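Below, each structure is written out as structure tokens.
Each of the next two complexes has subunit A plus one other chain: subunit B in the first, subunit C in the second.
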Partner chain A sequence: MDKERSKSILNKIFSSSIFYILPAIIMLALTTIFPFIFAVYLSFNRYDLRFIQREGVTFLGLTNFISLLNSSSFWASVETTIIYVGGALIAQIILGIALAMFLDSLKGPLQKIKSIIFIPMMLTPVVVATTFRLLYNYDFGLIGYIIESMGFIKFPWLAHPFYARIALIISDVWQWTPLITVITLGALQVVPDTLLESAELDGAGWLQKFRYVVLPIIMPIVGVGILLRFMDIVKFFDKIYVLTGGGPGMATETLTYHIYQIGFNFMRLGRAAAASILLLIGIIIISMLLVKFIVQPDVEV
Partner chain B sequence: MKFNKKNIFKVIVILFILTWTLLPIVWIIMNSFKGGADITAYPPRIVFSPTVENYIQAFQGRQFRVRFFNSLFVASFNTLICLIAGTLGAYGFSRFKIKGKKHILFWIISTRMFPPVVASIPFFIIFNRIGLLNTRVSLIIAYISFNLPLVVWLMKGFIDDVPIAIEEAAQIDGANAFQVFFRVTLPLVKPGLAASAILSFIFSWNEFLFALILTSGRQTTLPVNITEYIRWGEGIFWGEISAVAVIILLPILLLSIFVQKPLVEGLSFRGIK
Partner chain C sequence: MRKSFVLSIALILAMVFMVGAAVEAVYLPDDFSGTEIDVYMVAERRAEMVSDFKHEFEEETGITVNINTLPYPNLQEVQFIELAMGEGPDVIHVDQVWLGQYEDYLEPIQRFIDDPDLTDKDQLDLDDFHPTILDLQTSYRDELLGFPFIGAIRMIYYRTDLFEEYADDYYEETGMELDVPDTWLEYKEIARFFEENVEGVHGTTIMGRRGVQLYCDVMPILWSFGGSVIEGPEGQPAIEEMEGIRPNINSPESIEALEFFESLSDYASPGITDWDWDESANAFAQGNAALAMQWNNAAPVFAGEDSEIRGDWEAAIVPGMAENDGIIREALLGGWTLGINANSPNQEAAYLFTKWVTSKDMEINLAPGGGNARESTFTDPELREEYIHYDATFESYDIARSRPRIPQLTEIADISQTAFSRILTGDQEVEEALNDAQSQLEELDL
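Showing the complex of A and B:
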């Protein structure tokens, strides 16, 4: 009798949705919502690790935010972020789509190349950065040698403010262009052949076919890829840490890196939290714009 | 004739793409087998007498072995936790009517938007308070924030594809809901489980920012190990650095060869439909 009852209770637990979803929801809440709320709390406070024993935590109101918005190094890092994200994202979109169109046109055994181009995505970013640091090396790097053997003069990439940014963008383009390619390749399967044929009959050239037939169909799907890339490039930290350390000067110090510096070099965790909230707001606004203009409103994300 | 020209152009482009993609990987592998003089030689040497000295040096490095173990330990346990909680969650979302399901699922996927640097500051303080700072456990917990959403979404896609009729048939045979999940549905989504496990493992294995901030010394992982070499003395250690780099890449290269298709699907977020 008792056994029957416990069995029926067990059955009830097993057939309720809570049993299945609760562990995941609790874990996610603890590792995402809770830190977020704590970061918001920190952003309104002075939390300086160097003086925490003596001063404790002091409520500051909006002081952290106001001081950041008046800080030239904050705005310098915003500018670097925009250049970096813009440059890397545009390069990856154009190269990624072009590469996908090319791969899509291949037939027979040549298609095997598709399984190779996605390898860089899996690799450890720190290792990729280390490899590029070796390639960029002024004294014995391969890239300098290639530049020299083409008749140009090699130069110290990572020591020059402009080229250091280019160097970072190249290393990110190398690793992540394949993501846009893979997504575009999937999207191209959706384009109906009949539509392309009728466009051809109407006398549309290669570019016109791409612009008026292919692009509108693939853009909502590719847009999701662009959105994912955008969010990842903003987060990006590892390659800067290894390749340039934010330098020379502050030339490659993006907002993410700036937050790391404020928080863990200068130990001002409250101020760093405030900067990270500003970063989050920026990401949300730009993501919404991307969804509105690229992913298109009728597509469910 | 024209046909041939077009093909030659295509082959040239393919060769360029292959070189562009593989050269950095081949280069770091080559360097890991070069002796000191061969690494710093200019022009760079393609022909050299290979040596395993760098690997021996790397393994003898003070903290290399313990950090290698830490990387394995953190990635394995994090993967296990995310796989269990994530698959259960995915099953719940796939099979049950849940109030506000769409919003919860959107929240789960939107946590990916949350930059790690935002979480790193509170994590640092919280783990410090509860005495978990500078432990491997702190990394296992922190990595849940990005691996669990991935597993939930990936597994939900796979479970959605399993016809409910199969489960209903088992239910008539007298199995309870959990038994149906465990004995009927789970075996059918093995490819999804494999993909989720491998992706979670790789993302944990590759992670750097949390490892840098939350751990150091004998508690930290291999990516931190490699950056320490670079900070200390790039000029002297390039051979060892290359060897460590290749050791870090090895499991990833092996894993990604075995499970290409699901990996690509996972990376491009198959869950978004």
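Showing the complex of A and C:
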């Protein structure tokens, strides 16, 4: 009887879904949930490593948040983040989809190009950034040399607030456009040929076919890629660290770089935690909008 | 008979114990075999060279030394966070500007120096270190917190070949001798001359990338113009924590200094607003400029095998600004303290290591790594012949000035650097940028 009973308990355990996701939950709790709760705790306190030995931790309430929202450098970094995310994301979507359409149309041995396109994604961001830093260099960089040899005047890419932003966007677009391309290529396989043929019979041109047939079908899948890129670009840090150090002025100091500065250069962990919670709220809101309008739009046919 | 036997046994035993105790008192601190100490150091050549010699120390003392060299930004993050959590290695490496921030975590070393079991004062010869180095690089609030390891100070470098070649032309054009500049105005005039007259050569190098190097480029000029970023209640330099520290970055003197700095940048490569230490040192080594504002640790690049200007350069102390009775020169000081973690259980072993690695013999051994601190090394005839920048470096310590060594410096410097970067790139006018910086500095909790 007892044996029967224990067997049934074991069965119950093994058949419950909780048992199988438990390891994942534990991992998640240790690496994500606990740090998040700790970050929330930090954000309400003065947790300043520089003075922690002498002054300890003091509860501040919302002071960290209020002083951030009143700080001009915080808003400057928000503005930079928006410009950066907008520029890089839109460029990557357009280029990525265009590149996928082009690759999809290739026939025969030319298809091998597809695998070459993905190489940038395999590289470490810091390696990419260091290479770009040399390319952009005013005095001996390759890009300046090419521009000059074509008869134009070369200019200091990373030294000018406007060009520095462009330079950063280019380096990120170069590396991550292939991700959108891969996902789009996959999505394009789903588009049924019959639909395209019937559209053609109805007299639809290339653009109309793309707009009314292809795009609605691939968008939910590509949307996931866009969402991933969005979250990644917002968290963008390594290339800024190597390429510009946030300069010139505040031109390339994004919110993540700003948080890094506050937290690990100035050692004000409480304030940095508060800023990252504001960032998190921003990401959640925009992600929800992206999901609503791109990943699962109300399909109108 | 029996009684005296017992007594004598007792006496002998007592003597043995006493001698034993005495022996213990004398020899215990010297017996470190089996002790293991962890050392953090900044990843610079001098620190990396220590690994080649540490076996000598290990054989002599029985202490095992584990050295970790970390790049500058990582060192601060890793080391300071570990210390703040009550951990960290036995020996820590502290940039002199961090001393205020590290004060509580560093064990004052005077008691080890006064302990004859640990220190032979003649051998240590503390006075051999330049007093400025002991004061600004290794002491805080009059307490010695370690030995100097890797010295850094700002100087200028100039091209002897160009100075010789264009001496007559320069005299013809300006009516002045082309000589080592004593004032910043002369420096700028020479930079202008080379920028305008010599193809392929810019006037000067500038480290214009937003970062700590830009701050260090500006400060010697700003100070000698009479300006400051923050200052004490009576306008005195705020080199330590004190009551009443206030920002004063938008004073007329500072505005004048930054206007001068901006005009100087006209005589440098347009790319300088992205230059850090590497770009600047390499540009000068490739013959890009006639003058360079740099640290003493750039000299090996100019003397190195890849240098295009080997044998064609010299170092000099920084220029200043003429005042009634002389020239005010301000050589910005950097450099590192090798100190002992106040929480370390192996403080004496750690002390012995820091004493050994900064000893006279090791200074000579580590000379190729740069950043010496002892007079005996700077005046060593053989070394002076090989390292031609020694005289200027040693002389620079007489006019050295430290940045404020307060815990908030990183934040203060970041606000200032951002303003300087905006000025250099033409993003903001001098006065506007400095006013913005001033209001941001006022928001800080100083």
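The rule is simple: the second predicted complex is superposed on the first by the 273 of 301 C-alpha atoms of A that agree within 3 Å, B and C clash if a C-alpha of one lies under 4 Å from a C-alpha of the other, contacts with A are read in each partner's own complex, and residues count from 1 in each chain.
Here is the rule we go by: a contact is a pair of C-beta atoms (placed from the backbone, for glycine too) under 8 Å apart; a residue touches a chain by one contact, two chains touch by 3 or more.
Since this is a predicted model, take the numbers as computed values, not measurements.
Chemist: Pick one for A:Phe266: touches subunit B only (first), subunit C only (second), both, or neither.
Modeler: second
Chemist: On subunit A, which partner's contacts cover more residues, subunit B's or subunit C's?
Modeler: So, of the two partners, B touches more residues of subunit A.
Chemist: Applying the touch criterion given at the start, work out whether A:Thr63 contacts subunit B, subunit C, both or neither, answering first, second, both or neither.
Modeler: neither
Chemist: Name the contact category of A:Leu279: first (subunit B only), second (subunit C only), both, or neither.
Modeler: After superposition on chain A, A:Leu279 lies in contact with subunit B alone.
Chemist: So, does A:Ile117 touch the first partner subunit B, the second partner subunit C, both, or neither?
Modeler: It touches subunit B, and subunit C stays clear.
Chemist: Just checking: does A:Arg54 make contact with subunit B only, subunit C only, both, or neither of them? Give me first, second, both or neither.
Modeler: second
Chemist: A:Gly247 in the overlay: touching subunit B, subunit C, both, or neither? Say first, second, both or neither.
Modeler: Once the two structures are laid over each other on A, A:Gly247 reaches subunit C alone.
Chemist: If we overlay the two complexes on their shared chain A, which of subunit B and subunit C does A:Leu28 touch? Say first, second, both or neither.
Modeler: Touch partner of A:Leu28: subunit B, not subunit C.
Chemist: Given the touch rule stated above, what does A:Leu158 touch, subunit B (first), subunit C (second), both, or neither?
Modeler: second
Chemist: Which subunit A residues contact subunit B in one complex and subunit C in the other?
Modeler: The overlap between the subunit B and subunit C interfaces on subunit A comprises residues 139, 264.
Chemist: State the interface residues of subunit A toward subunit B in the complex, per the touch definition above.
Modeler: 10-11, 14-21, 23-25, 27-28, 31-32, 34-36, 38-39, 42, 47, 99, 102, 105-106, 110, 113, 115-128, 130-135, 139-142, 145, 149, 174, 179, 182-183, 186, 224-225, 228, 231, 234-235, 237-238, 241-242, 256, 259-260, 263-264, 269, 272-273, 276-277, 279-280, 283-284, 287, 300-301
Chemist: Okay, in this complex, where on subunit A does subunit C touch?
Modeler: 49-54, 71-73, 136-139, 155-161, 244-251, 261, 264-267
Chemist: If we count contacts the way the header does, which residues on subunit C are in touch with subunit A in the complex?
Modeler: Those residues of subunit C that touch subunit A are 76-77, 80-81, 84, 101, 104-105, 208-211, 269-274, 279, 283, 288, 407-408, 410-411, 414, 417-418, 421-422, 424-425, 427-428, 436, 440, 443.
Chemist: Which subunit B residues qualify as touching subunit A in the complex?
Modeler: The contact residues of subunit B facing subunit A are 10, 13-14, 17-18, 20-25, 27-28, 31, 39-44, 81, 84-86, 88-89, 91-93, 96-98, 104, 106, 108, 111-126, 141-142, 144-145, 148-149, 152, 176-179, 181, 202, 205-206, 208-209, 212-213, 223, 226-227, 230, 234, 238, 241-242, 245, 248-249, 252-253, 255-256, 260, 263-264, 267-269, 272-273.
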